[in-house]
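What follows is a group of structures, each given as structure tokens.
The same subunit A turns up in both complexes below, where it pairs with subunit B and then with subunit C.
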Partner chain A sequence: MKRIMIDETKCDGCRNCELACMQAHRSTPGSIYDLDLTSRENESRNHIVSLQDGSYRPIFCRHCDQPECVMSCMSGALKKDPDTGLVLYDGEKCGSCFMCVMNCPYGVLRPDRTRTRVLKCDFCTSAGTEPSCVGACPRQAIYLEEVIG
Partner chain B sequence: MNQCYGCNTCKSADKPLEAFIKTLPMETSHHRVDSQKTKCGFGLQGVCCRLCANGPCRITPNSPRGICGANADTIVTRNFLRAVASGSGCYIHVVENTALNLKKTAQKKGELKGLNALQRLADIFEIRTEDVYEKAEQVADAVLRDLYKPEYEKMELTEKVAYGPRVKRWKELGIMPGGAKSEVFQGVVKCSTNLNSDPADMLTDCLRLGVSTGVYGLTLTNLLNDVLLGEPELRMAPVGLRVIDPDYINIMITGHQHTIFVDLQERLVSPEAEAKAKAAGAKGFKLVGCTCVGQDLQLRGSHYTEVFDGHAGNNYTSEAILATGAIDAVLSEFNCTLPGIEPICDELKIKQICLDSVAKKANAEMMKFDFDHREEQSKAIIDKIVDAYKERRGSVSLNLMPEHGNDHSLTGVSEVSLKNFLGGSWQPLIDLIVSGDIKGVAGVVGCSNLTAGGHDVLSVELTKELIAKDIIVLTAGCSSGGIENCGLMTPEAAKFAGPKLRAVCEKLGIPPVLNFGPCLAIGRLEIVATELAAALNVDLPQLPLVLSAAQWLEEQALADGCFGLALGLPLHLGLPPFVTGSKVAVKVLTEDMKELTGGQVIINSDAKETADILEKIIMEKRGGLNI
Partner chain C sequence: MRHVIIGVGAAGISAAGTIRQNDPAADIIMISKDEFVHSRCMLHRYLSHERDEKALSFVPEDYFETNRIYWIKGRSAEKIDTKQKEVLLDGGERIAYDKLLIATGAKSFLPPVGQMRRAKNVFGLRDLSDAQAIDRMSHNAKQILIVGSGLVGMDAAYAFLERGFQVSVVEMADRILPIQLDETAGKAYQQLFEKAGCRFILGRKASETVLDDDDMLKAVILDDGTRVECDLAVVAAGVRAAIECAADSTVQSERFINVNERLQTSDPDVFAAGDVAGLSGIWPNAQKQGQIAGWNMCGIQMNYVDTYAMKNTMNFYGLTTLSLGRGAVIEGDQFVICEDSRNYKRAIIRDGKLDSILLQGDISYSGIYQYLIKNQIVLGEKAERIFDVSFADYFDIGPDGQYCYKIF
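Right after this comes the complex of A and B.
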């Protein structure tokens, strides 16, 4: 199975990964040109944090082996898929307790605009592609690597 | 020399050229498309603002305003106005130099090859003097006077040159331009940091810049060029890399200012220059056309059969032309002279000389064109090029493409030569349009880029789709270079046309795509459109006429595009002009413009879909005219 690896020294904060994530998960058809960048419906599931020293930290879901989010989820909305190892989220089951947000050690999980759901990486399984963010990174600060499950 | 640099080149509509570039031992722009393929999404939408030290600011759902408070609409239209003002400045620079060269030639009583064109301008400008030199000087002065007016004083020739009903609408919209140079100034001031934030106001300025760019930078530049360089005459000419004859000392010319070459063109075929070439081991000198100035020379080629070998290719063919090894010098005076030719020129010992400082290339020798010393300058240029020839030939291997392109593309099409061909009246063309043998007219104009499907891919595919629908295509700009090298300007290309257009072409022995030459000649298309509209007593937006800058590349093209919109014409673009981040800009350009000027922007990168959309618009316009 593959995971997104991060080399934060290469990140220059361009946020192309965020746009690629927004485009991959938009509800309307269209291209990157007409993606509504001001709509809260198009929030990105990953994000870039800038540090005081001027460097950047790409914050991406690690689909952890010991996922704190899954362990803290009482409704069963978050589950680790035993075959792919991906941590997947079922919004229908979500109770909006946001314990996952509190427990994520990487700070990647956030409530969405409605405060009823969580913004969660699905490794672009819903888009049916390899993770879009990885393809959009011009510096290869994020990349795919095969890991042993 | 035979080792290929890397085969990961972009596609080209011109398959032999694509194969040639793929095997080249040096890097070209076609190689760099892949390594630049990750684009910045904020940049694509035009919502990256770096107008101040607080930036760059970008628009996202969590940050819908820049630090200053500018929203996507302000950021986008500010960036757009900036681009249009720059593009306008480029064309106004060209018309200024052209008018200055005409004026100085008239003062020195030099050769004026196009006396009919001069009379035509004198008539339009209402200049009554008899003496041709006085007349030429007054014509040039009238243009220059307008260009140098302040922004708050309207230019006088706009009303005389442009179509009456359009001028009326422009006045209603408040987009009659002041002095063209001052309008550029106004534009760049308006979009600077924390000045204008009103998207509608800035888009209005874009239209005003479109008018000044079109009437002066395009239409009048053509006519002034005609006076100095001779009027276009229909003829068949060779195109493509085949035009390069290695037995000659070959000079590739790039840019947009044909009048700069007047003296040099004559001198290159003088016995003195020929003797120098022969002493160096060559048969003589040849100019090889590239970019728009090459198109311009091709257009007037009947006056320059001795010195001009033919048009080799457009902007993104220039590297391949140099890579043949048979070019000894590049003379450039404006864009589209790619920075990427520099390492190739270094490697192949090709002498680079720039004749206008605005287009100074890093490793070129600067020899700013000096009218008063043009003869000495031409001689010095010839000597330097002979030296380059002697130094490089023999040590640089040749990699020619003698089969590339074709030997009989129709060229020399202008509003005058086409009308003469039709018997001195537009009526035969109008009759064909009315009968439906020609469904409509599409101008496929502007640049070539490498990203709308690849080099010339969208332009050529769209042209094929349009002619298959019996829509005749007129071209102007680098689109012409690609389309002609793909053979669509040979009479045999009639077979690609729909049955009705094909029959018309075969009867007249013409191709279904007519080449008006350089991008400047978009102004000639405007004259054709105006004369057709006048003959029908309608306004331009009523004509079954559409424009496509399918592979627009640069800021100049955006200024051209604004002219098209001001004329009230539907304008297709293959790629969005970095405006889609603003809902206001998109709505104004694609929808509201129909009410304002009659024009509209259509953005689509698919040839078939675009042709369907343009056909539908043409059919609606036909319906409006009851034909």
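Right after this comes the complex of A and C.
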């Protein structure tokens, strides 16, 4: 499977990846120049945490080999695709219990603004592209790699 | 190899999937009283008419075909004959197994209060069949009584309020959701439910019942003599493990079916997973136990180690809460509270390690707290900023790109 690899030492905290994610998942048409950054309609699936020492840590879904979020999902909304290895989320099925938010050991997940859906990386399958965040990173702190999963 | 699984709940389904993954040639037979595969955690959405039977399923519609599972539905496993290695069904048929998994879950417990057990309009809420029976009977009802304000009771209250019934909740403790929440967090939900029209009677027990000639419950008398009228009651006063099918067999059980760390019972070819094994009463753990049992049934030795089960989330009226740990303070504990207009957070730190945490409001990125608690990580300076701690503080990556914790 493909995974978005992370080299946190290269991360400058520019947050272009967050913007690209927001743009890829926005509900309205338009370009990045008219993306409403403050609207909670356009929430990012990934995030960058800045540490006190001035360094950064990219927090991105790992599409884990043994995904705890899937193990905790009571509606069948979260599933690991056996072919692609991606951990995908079906909002229509979701029962909004947020057990998955509690069970992702890496604190990747969160409820959306309406508290009815989970914000989860879909590898840009909904946008029909390669992961947008990867293309947006100017430092190659995140990059795609084929891994055995 | 023929695997037989009793139960199509969280544990049974997870075990079946695991077996199929690891043994493409195995015969898999599942037996269930359930006619529909359904997630019990969504039964309130059926009662509220937000979802139908099919929308409660947590597996794809073609699950049994694609996984080549023979499913005997709507039937009860009555006995297990470990000598012959057979399961006896209610119709007298015998189903032979090489490996057997008991994943029968639990059933509602109706306390012996007055004539509660005799009344035709008093229900537990555990299975879809309960919800269906409640729904049929509710068409002539106006006033609904809920006994118990745990998660199941509040689920039921929510559903009836959505449908416009008059709902009264009787709770023994002096606050709602007493096991999961503290007073402040419980109060927040109480107010939301009251705004939706719910009446709470706290610190009271039902002690007598009033039945009419048709054995219909008309009212409940509380321990202080108050009379609460009702047309239908849902009793959410706890569950008992569904161990009956193993009762007369060599499979040892007490209140639960006894299992070792591989989830194997006293009979080496019989396994048990989920609520029936008594190690937990929540969905994620039942699924994980099903997976572990599935591996062991395929001969892949695996221990059930991720046993932490004092965890819950809830979401009513858009207010979300995460609760981990017992939440009881003892002497010497550090007790941290952080509150603003939208959030209430409370942590209990014991011997420098996180013991319990409750987050109400924003629960974003809170997955790390369970790790900190169950691995009893020494917090050090992070204790000071416990509500701001994130995975970034423990960030590490394996060669395959998966995250792992770096503990200093």
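Definition applied: the second predicted complex is superposed on the first by the 148 of 149 C-alpha atoms of A that agree within 3 Å, B and C clash if a C-alpha of one lies under 4 Å from a C-alpha of the other, contacts with A are read in each partner's own complex, and residues count from 1 in each chain.
Quick note on the criterion: contacts are C-beta pairs under 8 Å (C-beta built on N, C-alpha and C of every residue); 3 or more make two chains touch, one makes a residue touch a chain.
It should be emphasised that the depicted structure is a prediction, and the values quoted were computed from it without experimental measurement.
Peer 1: For the combined arrangement obtained by superposing on subunit A, do subunit B and subunit C clash, or do they fit?
Peer 2: When both complexes are placed onto subunit A, subunit B and subunit C end up side by side without any clash.
Peer 1: Examine A:P138 and indicate which partner it touches, taking first as subunit B and second as subunit C; both and neither are also allowed.
Peer 2: After superposing on A, A:P138 lies in contact with subunit B but is clear of subunit C.
Peer 1: Of the two partner chains, subunit B (first) and subunit C (second), which one does A:N103 touch, if any: first, second, both, or neither?
Peer 2: After superposing on A, A:N103 lies in contact with subunit C but is clear of subunit B.
Peer 1: When the two structures are laid over each other on chain A, which of subunit B and subunit C touches more residues of subunit A?
Peer 2: C
Peer 1: Which partner does A:R3 reach: the first (subunit B), the second (subunit C), both, or neither?
Peer 2: Only subunit C is touched by A:R3; subunit B is not.
Peer 1: Taking the superposition on A as described, I'd like to know which of subunit B and subunit C A:L35 touches: first, second, both or neither.
Peer 2: After superposition on chain A, A:L35 lies in contact with subunit B alone.
Peer 1: Between subunit B and subunit C, what is the shortest CA distance in the superposition, whole Å?
Peer 2: Distance of closest C-alpha approach: 12 Å.
Peer 1: Give me the intersection of subunit A's contacts with subunit B and its contacts with subunit C, in residue numbers.
Peer 2: After superposing on chain A, no subunit A residue contacts both subunit B and subunit C.
Peer 1: Where on subunit A is subunit C touching in the complex?
Peer 2: Answer in residue numbers: 3-6, 8, 47, 49, 51, 57, 59, 62, 64-65, 68, 71-76, 93, 95-99, 101-111, 114-116, 145, 147-149.
Peer 1: Looking at the complex, which residues from subunit C come into contact with subunit A?
Peer 2: 10, 14, 39, 41-42, 45, 57-60, 283-284, 287-288, 291, 311, 313-315, 318-320, 322, 324, 363-371, 390-393, 395, 397, 400-403, 405
Peer 1: Residues of subunit B touching subunit A in their complex?
Peer 2: 38-42, 44-45, 47, 58-62, 64, 71-72, 576, 580-581, 603
Peer 1: If you look only at subunit A, which of its residues touch subunit B in the complex?
Peer 2: 14-16, 18-20, 22-23, 32-35, 37-44, 113, 135-138
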